[in-house]
Structures are given as C-alpha cells and as structure tokens.
Amino acid sequence: MTFSQLLSEFFTIVASLLLAPLLLGWVTQLRAWLQNRSGPGIFQPYRILHKLFNKDSVMADTASSLFRFTPYLIFGCMLLASAIVPTLSTDFPLAQAADAIALVGLFALARIFISLAAMDVGTAFGTLGARREMFVGFLAEPALLMVLFTSSLIAHSTSLKTIVTTQIDRPFAIYPSLVFAGFAFILIFLAENARIPVDNPSTHLELTMIHEALILEYSGRHLALLEWASSLKLFAYSSIGIALFLPWGISTQGSIMSLLYALPIFILKLLVFGVVLALIETFSAKMRIFRVPEFLTIAFLLAVIGMLTYILLGAKAS
Amino acid sequence: MSPLFLVLATPLLGSLVLGIMGHRPNGRNVNVFFSFATFLAAVFLTTRIVADGPIFALNQQFFIDSLNIFLVTLTAFIGFTTSVFSRPYMRIEEDRGKMSHSRMRLYFSMYQLFNFCMLLALTTNNMGILWVAMEAATLTTVLLVSVYRTPASLEAAWKYFILCGVGIAQALLGTILLYMAAQKVIAPGVNPLLWSNLNAVKTLLNPGVMALAFVFLLVGYGTKVGLAPLHNWLPDAHAEGPTPISAVLSGLLLNVALYAVIRCKILADGALHNHFAGHLMIGFGLLSVLVGAFSLLRQRDIKRMFSYSSIEHMGIITFAFGMGGPIANFAGLLHMTVHALSKSAVFYAVGHAAQKAGTQIMENIRGLIKVSPTVGWGLMMGTLAILGMPPFGIFASEFMILTSAMHQLPWAAPVLLLGLAVAFGAIFSRVQPMVFGETNVKRLAHPPALLPVFLHLGLALMLGLYIPGYLNHWFVQAAAIIGG
Amino acid sequence: MTDLSIQLINLFASFLLLLAFAMLAQRRVVNLVQIYAMQGLTVVAATSVVAYVTHQNQLYYSAAMTLVLKVFLIPWILRRLIKRLDIRWDVETLINIPSMMLIGIVLVIFSFNLALPIASLSTSISPGTLGIALACVLLSFMMMITRSKALPQVIGFLSMENALVFAATSATSGMPMVVELGIALDVLVGVFILGVFMFQIREQFESLDISHLENLKEE
Amino acid sequence: MLNSQSLDVVLWVISGWLLIGLLGILTLHRFTFIARVLFPLGGIGGLVLAVAAFRSLINGGTQNRLLPIGLPQLHFHLSLDALSAFFLLVLGVAVFGISIFSAGYFRNSTGTAPGLLCLEFHFFLASMALVLVAADAYVFMLAWESMALSSYFLVTANHRLPKIRAAGFLYLLIAHIGAIALLLSFGVLQANTGNYTFSNMRMQSLSPFWASVAFLLAVFGFSAKAGILPLHIWLPEAHPAAPSPVSALMSGVMLKMAIYGMLRVCFDLLRVHIWWWGVLLLVLGLATALFGVVFAAVQSDMKRLLAYSSIENVGLIFAALGLALLFSSYGMNLIAALALTACLFHVAAHAIFKSLLFLTTGSVLHATGERNLGRLGGLIRFMPWVAWLALIGILASSGLPPFSGFISEWLLLQSFLFTPGLPQPFLNMLIPVATASIALTAALAGYTMVKFCGVVFLGQPREEKLNQAHDANLFEKIGMAWLAIITITLGLAPNFIIRLIDPVTRVLVNQGLAAQSKSNGWWLLTPTSMARASYGPLYFLLGVVGAIALAFILVRVLYHARLRRSAAWGGGHPWANSRMQDTAEGYGQPIRQVFEPFFAMKRHLPKPEDIEPRYEVIVEDKFWNGVYMPVVRVTEFVSSIVGRLQRGRISIYLLYSFITLIFLLILVPSARK
C-alpha cells in the first residue's frame, strides 16, 4: 500500500464528498432552466446542508436508538460506495476490499437500514415508504447486479478495478451486450436515485412519494446527513455508469499528475451525465406507483438479455 | 426326547385339567401356570438344542431343527405372555357380562389345546400329522373365535370354518399327492410321509406331481397364512374373537401355517429345479402386501385394521421366502419372529384401549396417553414397531428384504415401496389421534397387564440392535435349509 | 382277477363322479344327505376292493371306519339336524342347474388333463381314477360355492372329504393309519361343531340362510 | 494417536446424550433439575463434539470404528472423515447455543412432561450425530429414521391441537417415504454384493443407468428431508409447530443432514458423475429457493416465515451442490471446489443464523404469547437484547456484507461467473437465468427480513399486552449471543472457515481453496486470483465504521448535538395510532401482486355494508391441490376398489379360492419344463 495509493484514495473521497452535492445542484439547476425557471443555482445543496446542520434535530418519542444510528450508517455506506468505485484512478487500496457484488451489497445494506429506520417510528407514512423502497429495491438490486455481471463477464472478473482497466486497455469495440446493459442501467439509475419517472424528489405527495416518505421523520443534522448521503448515492451511481460504459480517461497508475489530469475529464463526464439526466427527467412524466414494477422488470430483463447476448455471441465466436 | 415330550404334553394336560375342573375363579391362574410350564419346557428344550444340535424323537415322528426350534420357543413364549395378558382382560370381559362361566371354561381349555396343536404342527416330522394338527388348530380357534356367541362372532367363525376347512382340504389333497410321489422313490420300510426322509430324496421326486402337490399345499396352507386372495376370513376372525385370541392368531397361527408352506417349498424346490414355487410365493406375497395396505385405508375397527396389517406383513415374509437366497431368507425368519412379538404386543395394547373406550371403533378412542400413558405409549411404540420404524427389529428385516429385492427383483421394489408407504399413512393417521389428543374416559376396574406389551417391545427392540449368537446361528442354518 | 377288480374300481369311480353331479343337481336337502351316504358307501366299496387286491389289512380298517362314520353316523346326525331345525325345503342354487352341469363337465375335462401326465406314477392298481377323484373335489368345491344355505354347504364340504379319501385310496392305495385316524377324527369333530353352530346361527338369525351372514364387510 | 481419539470422543458425546435423555425420563417431572442441569450438560456435550470435530479437521485423515452391535452380518461401521467432521462441527456449535437457550426456554406448563421432552431432544441430537459418523447403510438408515422419529415427537410436543397433530403426521409420512427411497438407493449402491458398508459401495462401479437410478432415489429421499420442491409441503407446517429450540434444530441443523447425505452419496459413494445430474439439482435448487422466498415474503406468522426462508436457503445450497456436480462431471475440479466451498459455507452460515432467528422468535413467543406478525410490534423497546441479536441474524440471512450470508452468496455467484468455461453451449444459456434468479432471491430475502424485523421489533406495539413484554432470561441471552458471535465471526473471518472447508473439498473433489486464499493474506477472500475477484470483509467493516466515525466526529465538531423529542408527525392526522402502521399482509401486498401466479389466494374484501369490515387474504400452496390431493384421491379410489373384495358373501370368497386354485393348476404345466 504505497503513499500514492493512499493519496489517490483520499483524493477520491474528498472529491466525491465535494462533488456529490454539486452534481445534485447542477441537475436541479438544469431542470429549472429546461422548465424556463431561474433555478436556485448549483450551490443550493450546500446551503441546505449547512442550514440543516445548524438546526436542532427533532425526534419522535417512539424512535429507538436504531433510528438515531441509521443516518450515520447510511452516510458511511454511501461514502464507502463512492470510494470503492474507480472514479479518478483505478489504483487505490479499497479496490481490493470490495468488488462489484460487494458494492451491490453495500447499497442493499443502506436500503435495509433506511427502511428499518422508517418503520421504527411506527407512523403510517414511514411503513408505507419502507415498503415501497424495499419493493423498488428487490427488483432494482438484482438488475444492477446483472448489469455489473455483463461487464464482468467481458473482463472475466468481478473486481471493478480489473473491469475498468480491461475496458481502457482493450481497443475500442462496441459490445451489443453493453448496449442492453447501458439501457438497463439508466432505468435502474432513475429508480434507485428516486428520480422522475419513478419518484419525485421535490414533492411530498403521499400517493407517490418513496424516498421522502422514508426520511419524513428526520430533521436537523440527521436529515442533513441523509440528504448528503442521497447526493453521494447519485454521485456513486454516476461514477459506476462512467466506470462501466465510458471509462476512458481514468488514470490506471496512481501518480498525482495523472490524477490531476483525470479530474477535469471526469467532471466533464459528470456534467454531460447531469444534462442527460435532466433531459430525461424533464421529458418524462411521473408514473403511477403500480406501474413501477413493470418499469423495473423491463430493466431487469434488459440486463439479463445483455448477459445472454454476450454468451450467445461469445459462444458463436468460440 | 423328554423336553420335547414335556413341551407337547403340558398344554394337552392343561386343556384336560381346565376342561374337567370347570370354571373356578383361579382357572385363569391355572391357565397361566400351564402356559408358563410349557414355556419353561420350551426353554429347556432350547438349551438342549443349543447344547447338542437337532434331535429326532419317537422313531423320527418328531424332530427339531434350526427351522422350527425358534418357532417353538416363540410360540411357547407368546402363549405364556398372552395367558398373562388374558388374566385381567377376560376378567373384565366377564364382569361386563360378555362371558358366562361355561364359556370361560371352554375358553381356557381350548386355549391350551390350541397351543398344543400349534406346537404339534411345529414339531412333527410327519406331513400327515402336520395336516391333522393344522386342521385341529383351525377347529379349536373356531370355537375360540365364536366364544362370545354374538351374531358377528358367529358369522366370523362360520366363515373362518368354511373357508379354512376347504383350504385345508386342498392341503390334504396336496399331501396325498406328495405321498404318491414319495412312494415311487423311497425305499420300502422307510416312512414316505416323514419330511426328513422326503428332504433326503427331494431331488428324485417327480416334478409333475410335485408341482401339482405344491399348488394344492400352497392354496391349502396359504389360506391359513391369509395370503390374498384367500384372506377374506382373516379380518373377520381376528376382529370378532377375544383380543388374546386375535393376538395369538396374528402372532402365532399365521407363522405356523407359513412354516408349513416353507417346508413344502423346500421339497418342491428340490424336485422342480426351477423357481416355480418361489415365483408363486412372490406373486402371492406382493398381492397380499398391496391388498393389505390398500384395505387398511378403509378401516374403522381397530382390531380389523391390525389384522389387515398382519396380511400385509405375511405378504412381505412370503415375498422374502419366495425370493430366496441367504439374506432374504434370514430377513424372512427375522421378520416372522419380530412381527409375532410386535403384533401381539399391539393387540394387547389395543385390547386394553378398546376396553377403556368400550368400543373398537377408532373414532371413539381418543387421548390414550392422557387417561393411561402406559397403554398409550404401548400402542404408539407397538404401532411404530409394526410400521418398520427403527430401531425395532422389523426395520432390520425390511431393510434386508428391500435392499436385496432392489437387485434381485427391481420391478418388485416399487410395489413394496407403495405398499409400505400406504400402510404407514393408513395406520399412523389413525393411531396418532387415538394416542394423542383429549379424552374423557375413565380408568379400568382391574389394572391392565402391560408387562407383556413392553416385554415384547423390548425384545423387538433388542432384535433390531443386537441378535444373539445362537439365534443368528439358527437363522443362518434355517436360511441354508430353505435355500432358494 | 385283478383286471376285474380294476374294472370294479373304475366302475365305483365313475359312480362317484355320477353322484357328484347328482349332488350338484339336487335341490332337496334330505336327498343330498342320501347322496352323501351313497358316496360314502361307494368309497367303502372301492377301498375294500383295493384292500382285497393289495392285501393291506389297514385298508379294511379305514373302510370300516368310513362305513361307520360316513354312511351311518354323519348322515344320521345330519338327518337329526334337519328334523330338529326343520329344514326340508328345497335349496335354491345361485346358478341354475343346467349351466352348473356345463361348468361341471368343463371341470371334469380339465382335471382329467391335469391327472393324465402323472397318472402313470400312481402306485395304486387303477391309475385312471386319480383324475376322477380330482374332478369330484372340484365339483364339490363348486357345489359349496353355489349353495346359499348352511347345511348344503356343509354337505358339499363333507363330500369333498369323501373325494379326498377316495383320492388317497386310488392314488396311493391308502394313507398310513395314523393319518387316516386323524383325518376321521377331525371330520367328526368338525361335523359336531357345525351342528352346534347351526343351532346358534339359527337362534341368532332365525334362519340358516347364509345371506344373513353378510354383515362383516368393508363399507 | 492423539488424532485417533476424536471419533471416540464423538461416540462418547453421543452416548452421553443418550444417557442424559434417560436421566430425563427417570426424573420425569423434576423440572428445575432437567432444565437447569441436563440441558446445559447437553450443550457442553455439543461444545466437546465441536472441539473433537475441529481437531480431526485440522489433523485430517479418516478414523474407523466397528461396534459389535447391529445385524450379525453387519455390525455398526462408524467412520469420521473431513466431511463428517465439518458437519459435526456445525452441529456441535449450533447445539451449544440451542441447548443453553433451551435451559431457559422450556416452561413447566407445556403439554409434554419435561423429562419426556429432554429424552426426545437428546435422542434427536444423538441420532443426528450418529447419521454423520455412520459408515454403513444400516447405521445410517437407523440413525436417519430415529432422527425423523424423535423430531416427530418433539413437533407433536403440544399434541392437544389437531393442527399440530396433522403437521406431525404429514412430516413423519413424507420422511418415512423418503427414507424408504434412500433404502432402495442403498440397495442399488451395494450392487448385490450383500455388503452394505460404504467402503464396499465406493468400490462398486455401477453402469450409468444404475448409477442414475441410485442418484435419483437419493435425490428423492434427501429432498424429502430437505424440503426441496415438491416435497417441501411438510416443512412450513412442522417447523413452526415445534417448540422454538426444536424448530431451530430442525431448520438450522436437521436440514443440513440431508445436504450431508447428498454430498456423501453424490461425491463419495457415486464415483461417476453425469452432467445432467448437476443440471437437475441446479434447477430444483433454484426453483425451491425462489419459491421459498416468495412464500416467505407473504407469510403473516413469524415462524412460518422463517420456515419458508429455510426452504429458500436449502434451495440455494442445493443449487451450489448441483453446480459443483456439474463442474466435476466435466473434470473442472478447482471450480467444483469453489462451488462446494460456497455450498458448505452456506451450510454453516445458515445453520447458525437460522437457529439464532428461531431462538429469538422463541423469546418473543414467551414474552408475548403471539406468533402472528399482525399482533406484534415495537418490541425493541421492551426486549432490546432479543431485538439487536435478531437484527444480526436478519442482516446475515438477507446476505448483506459484512455478514456471513453474504460470503456464501458471493462465493456462489463467483462460481457461477466461471460457468462460461463449460463445454456445452446451452448450459451457458442457463447461467444468466440462474444468476438472475439467485440475485432476485437474495433481494427478496432482504425484503422478507425487513418485514420480519420491522413488523416484530420496530414501530409501535399493535396490542396493549405487548407493553408487558419482558426481555429474554439469562440462559436465553447466552444461547442467542453465542450464535450471534459465531455469525459475526463467520462473516469477518471467512478464510478461517475456508481453511476448515479445504480438507472436505479435497476429500470430495481433491481440490481446495485454502492455498490460494492463504497466499493473498488472511484478511482478503480471494477464491482464485487477485485480479479475478477479492473481498475483504475487515477492510469493508473498517471502511464503513471509519466513514461513520468521521461523519459523527465532524458533525459534533463543526456543529452541535442538540436533540428535541416530540410526538411523531401524523401527517396532520389527529388520530394517528398504532393500528395505522403497515400490517404484515400490507407489507406482503406488492409481492402478492407481482407473483400472483405463484399463489392460490383466497381474499375476503370488506363490503360497504359490513358492520365491522375486515380485510383477509389467505395464501395457499398450489402444490397441495395440484400434486398431493390427486395422489390422495387416486389412493382412495384404489382402496375403494380393493374394499370390494370384502363384500361379506361367503360364496364369493369360496369363488376366489376356487379361481385361484384353477389359475394355479393351469400354471402347473409350465413348471414341468
């Protein structure tokens, strides 16, 4: 474990901590512009976080210790998630700690805890949100795993590091399986990060809300942590997408120079990613909660077909 | 020769004494005494055999070899335990006015006579005497079955008499043919009806006659074994008679009849040099297993149910002997022994259970382990033993029979599987609610004799885990004699 | 001399078969008893002829025993039963007489074929009669099947016994004495028991019609 | 020398358990003695067993014994090899926790006398241990059936209820039929040598046909015990019916005996492997897993829920087993070893965490007298110990890092990702589907476990009486804590376990993973190569904990820790109460909707005119009506035909004998040839 590795690790963590709210702000801002509104500006998430941290946090009488502990755990999970995904460099210590499967497991851990916390207070909203969250999860999670497997089949490895490096080193080629996987990934992305058309982060409408219902009982610093965590989640997902589908530019050796060189490219990709997201969110309408299963089943099937096509073509080739 | 003489004389004397002395309150004790004496004599005999091998007696009219010694002992033992069991049982029946004094007298004296007939049939070397003894056993048991004089018991006895009588008649014809075949080959002056002599010359006997003879003998004695489709008398007779009689019928008489069949099979195999006899027995065996098992599903009367299970077990044993070979024969002999022990134990428990509930209809017998745990557990354990649950001995024999069937007759294994599975479901689904659950019946007037039940089950358990050396020795030798 | 005796035995044998058919065809109980007695007589005759030819004294004893038992004693008992139980009515068969006859003939042919290959082995002086004995057994078996009353069934049973004794005589010229004795004893006891039974059945069911004895069965 | 003793130790422990049982029956009603002395003694026995097994795993090698009991030609053959040792280890570790728990669990009031319970309980333990050391078919079957029998009596401990009796009957019936099938399978394996020892069976080389017959019979027999589709029907009835420690034993340990049997027969006794065997097991296992978890998600009885989740886990284990078989049939032994490792690891993991979960339900049952999820809730306030221990079990069983369930899942998926190496193209087609269904199963397991934990322990109490709920007593706490600790250890130090599994896989497919994982350091789980895949649970834990600590400290440093309590926000609804929480049924609703075709549902919807409107939905297993009922009907039909034989007419009976006689006489001529 060399110094440069540690440095790059630290660099990545700091980058993700800082960039995550920015990405959120960027997307919100874009949406505002696309809807002919003058948005709050891309630094709004920071202001919100600051405000929330300063407020007292109010907690329900019925809340147990689990409820208090959860926000920190969620935050930790999401931070770790964005730390083990190769964003700037592929050469960092935590890469060995967890591979693609562990990454999915990490998200699942966070999901289960947030749902438990939501059920802890024992209000109608909390349990409703928990149910919906788990319900979205049990279809999105395997789908994400499938997407990751599609590329790990190509790389003959489940470690994200190997996946990215093989992608970069290999001469450019279009994999039909990756196309399927890409579409599937976008759908999962929307569902997991509570974006339109699955969920609408900016409303509290009990008929439709999922994520907001989960954190309804939270306030103050706990809420702040959760919000930050969710923006980290968005960031982590985006970097997964980048790592899987357009990894070019990620430095494969951990020297400082290469990191500084990789950062702008990465930010550029993020900006583009935000644009795409904003466009999707603007042009699609929120769907009924009962339609969500179909939406996610499609994602799931797309991912499976992705794997199938890889094996079909691979089998033909061999 | 003296112990053998004792074994035969004691029950005969007993029946005379009990017949003459009429019914006294201590008649039941005298009965137990004579049975016990018989048992002691049998033990004495056994020790003699263990000491100095097979014996002949009364210029070869009687003989003891490995094939019948354990049956003699078993018969004497179960005869004794059953007499112990019938002490309180018949007393309660008497209190309930089902038995008059004269009938008690008849019951006890016939009980001894019946034991005598079975022991005679087991020990005789003469096929003719064997036949006579079987017929006599039938007659005595007819009287015992009808002892209640109720319409049902009379009907059962009548059917028993007619069907077995006819069957036995066929056996006589078979014996005559055997005699005829023997006369050809046996030197003058040698008695051609003695099994030992026949066994000596069995390879010379004419196949045609022997085939014919074996068919008649099989149908004849098979009727008494209760092989389907000759079994119809069995459930009636076993269900309607007094329970001790059901116990000895299922536990002993069937064995004796099967013993006769086996003796005949040995001769037939020797003469025919093919598996004709074996195949017939296999066919009868499988048919009996299936018929017994599927009839079990329709039973409401507890004793009827267990008599059908006897049919099923006789089927298994017949199948085993039909299959032949050292393992299968060994298993068959073991199964005969353990089935006799467990089934009589079950009938003891059933008897008390039925007396408690005042009915034999199973819907009305509930919660035995609540009102008297010993009877309840006795019934449960006995049932499990009968169903071939380890570590009871029947499991051991079924283990050997099934595994050897799987290779000698793979097509038969599924049939046995089906039969055993159905039998298990049928019996256990009925016994479970009788033993468990709630009830509101009261205790009995006289304490039930449960020693026999647990004695038998203990022995059955032992045979599942450990078989004494000499018994094993007998089984192996007997298996060799049966061959196949 | 022997050929005459052989003819005699064959004659008795065929007479026995005839009687078996007669029994099959007979409706009246009393006559059934008569026929049974005649059967016994025929057996006695055959036995004594064999005894005379083979000079086996024990066959005389068994003949005498048969005479006493099956010609006098048992028929007498049966007649008394009939009187006491007052059952002189005709016995309706379950299958009508002509068809029974036809089946009977088939059985006879069958048992002849069965006996033919082994008849040569018979140690008796007249091998041919084994088939007849067999046929008689089967015929009386059929009679037991087709009678719906207790007494005729018993008579069928007894006539089967007769046929067996005849078989013993004709096939092996007689079983050993001890066996004969045992058989005779069993038969006698059996008849007594049956007699007792019929009274009990009678008092329990007010009739000797076996169709009343059909209560023990599976639902 | 030292090594040769561990089998003796095992035998001593077995006889010790039998002795304890007999002591129990002697002191039938002396409750305190039985509960406080005998049961902990049994637990100690379990610990001793575990130590002995551990030692023989480390020392390796096989030990044999011959006891002079049993059939004369066939004395008891016993042997202890790596496979048995591993399962014995699992058994011992689980039993220690469960027995200690039982010491505090059993109350004097239960229907069966405590002494009797003690007898049955310890006979159950002894028979399970005996199954694992049996080295001939007779001992194996003996122990196998005794296991079924003793557990049957434990299941029907409270036999007053007809429902429990029915469950027990169904259980014993299916177990018995399965046992007969096993018997026949052994009959094939001994290949007519008349020698039933396993050593002899190993030497036989069967033709593919007979090998397949033996295999199929074995699969039937062992699936009947493991609850594989479609023979699972007894499991959700029997396991909940038993007292909770017994449910723990049955779900956690007894099911593994079936797995042990499968491994023994498939990899040890049958030397040849045919590829479709693996496919069969794989398909069966995956179908079972999916079926089990979907049904678990809609249960509203907490013990039934756990029972169904056991079905799911056993399904996963079967799938891993099938994969191993598939690989080894193509001679890819290293990957087969990987799959086997996944299988065995999950055996261990599931044994521990499922026992833990069942024990927690036991405590809940005692504290509240409720099994129905609809009437529980909020127990984390009244029984925090149980709640937090349950949480550990839940995280493990929903396969989350860094807990034990995740490791086996991870290994399983890894071995799946190797399958493209298989020579058969259409087998490769199978892989994505299989992987997808495993992923789906895992996700649904999470769903189910959140439901279990959330509805039982979190939220507000749904009933008044729950406010009097008390926490588990000392014995119960110790028992559960032990299992929880083991679960965490399994999750954090997988390499340690893999090093224990290594000798087993070496015995079965003479390949192992220990060397590989050693080379990359003990903290990293690397089945094959660093580049291929690696997982470091400790890193992982450190990462999460570090991040949490960081956040916590930063918040405290940069801001404040002020906290105000107030009533929960009811969404402006004035009469918010505990009844407004989601019920178990409500929680299962999405699953019911998505997997509609799986279920046979009976809904009762409230109507406007109902005085007291109620919503009720009963979910039933389609197999019951689809598979079992027809069999029952056919059997009854046949028996009705057979019943016609016995019509009471003596003439007809005579006719039967007559026809039989004639028929046989016609056969006679054939005998002369």
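Residue numbering begins at 1 within each chain, and the chains themselves are lettered A, B, C and D in the order written.
As a convention for this text, a residue touches a chain if its C-beta (ideal position, glycine included) is under 8 Å from a C-beta of that chain, and two chains touch if they have at least 3 such contacts.
Small disclaimer: the values here were computed from a predicted structure and weren't measured.
Visitor: Which of the two pairs, B-D or B-C, is linked by more C-beta contacts?
Guide: Between B-C and B-D, contacts are more numerous in B-D.
Visitor: Which chain's centre, taken as the mean of its Cα atoms, is farthest from the centre of subunit D?
Guide: Most distant chain from subunit D: C.
Visitor: Please compute the C-alpha centroid of subunit B, do the same for subunit D, then give the distance between them in whole Å.
Guide: Those two chain centres are 44 Å apart.
Visitor: Let me have the rounded angstrom distance from the C-alpha centre of subunit A over to the C-alpha centre of subunit C, please.
Guide: 101
Visitor: How far is the middle of subunit B from the middle of subunit C, if each middle is the mean of its Cα atoms, in Å?
Guide: Inter-chain centre distance comes to 31 Å.
Visitor: Nearest whole angstrom, what separates the Cα centre of subunit C from the Cα centre of subunit D?
Guide: For subunit C versus subunit D, the centre distance works out to 70 Å.
Visitor: Would you mind listing the residues of subunit C that make contact with two or more other chains?
Guide: 114, 117, 141, 144, 153, 210, 213-216, 218-219
Visitor: Mind pulling the residue numbers of subunit D that touch at least two other chains?
Guide: Each of 643, 645-646, 650, 654, 661, 665, 668, 672 in subunit D touches at least two other chains.
Visitor: Residues of subunit B that touch two or more other chains: which are they?
Guide: Each of 158-159, 162, 166, 208, 212, 235, 295, 298 in subunit B touches at least two other chains.
Visitor: Go ahead and list every pair of chains that touch.
Guide: Between chains, contact exists in these pairs: A-D, B-C, B-D, C-D.
Visitor: What does subunit D use to touch subunit A in their complex?
Guide: Going by the criterion above, the answer is residues 377-378, 380-381, 391, 395, 398-401, 406, 409-410, 413-414, 417, 420, 425, 428-429, 431-433, 435-436, 439-440, 442-444, 446-447, 449-451, 453-455, 458-460, 524, 530-536, 539-540, 543-548, 550-552, 555, 558-560, 562-571, 573, 576, 578, 580-582, 586-587, 589-590, 593-594.
Visitor: For the complex, which residues does subunit D have touching subunit B?
Guide: Residues in contact with subunit B: 69-73, 137-138, 141-142, 145-146, 149, 156, 159-160, 162, 165, 168-169, 172-173, 176-177, 180-181, 183-184, 186-188, 190-192, 194, 196, 635-636, 638-643, 645-646, 650, 653-654, 656-657, 660-661, 664-665, 667-668, 670-673.
Visitor: In the complex, go through subunit C and note every residue touching subunit B.
Guide: The contact residues of subunit C facing subunit B are 114, 117-118, 121-123, 134, 137, 141, 144, 150, 153, 157, 160-161, 164, 167-168, 171-172, 175-176, 178-179, 182-183, 185-186, 189-190, 193-194, 197, 200-201, 204-205, 210, 213-216, 218-219.
Visitor: Using the touch definition from the top, list the residues of subunit C that touch subunit D in their complex.
Guide: Residues in contact with subunit D: 94, 110, 114, 117, 138, 141-142, 144-148, 153, 210-211, 213-219.
Visitor: Show which residues of subunit D lie in contact with subunit C when the two form their complex.
Guide: 643-651, 654-655, 658, 661-662, 665, 668, 672
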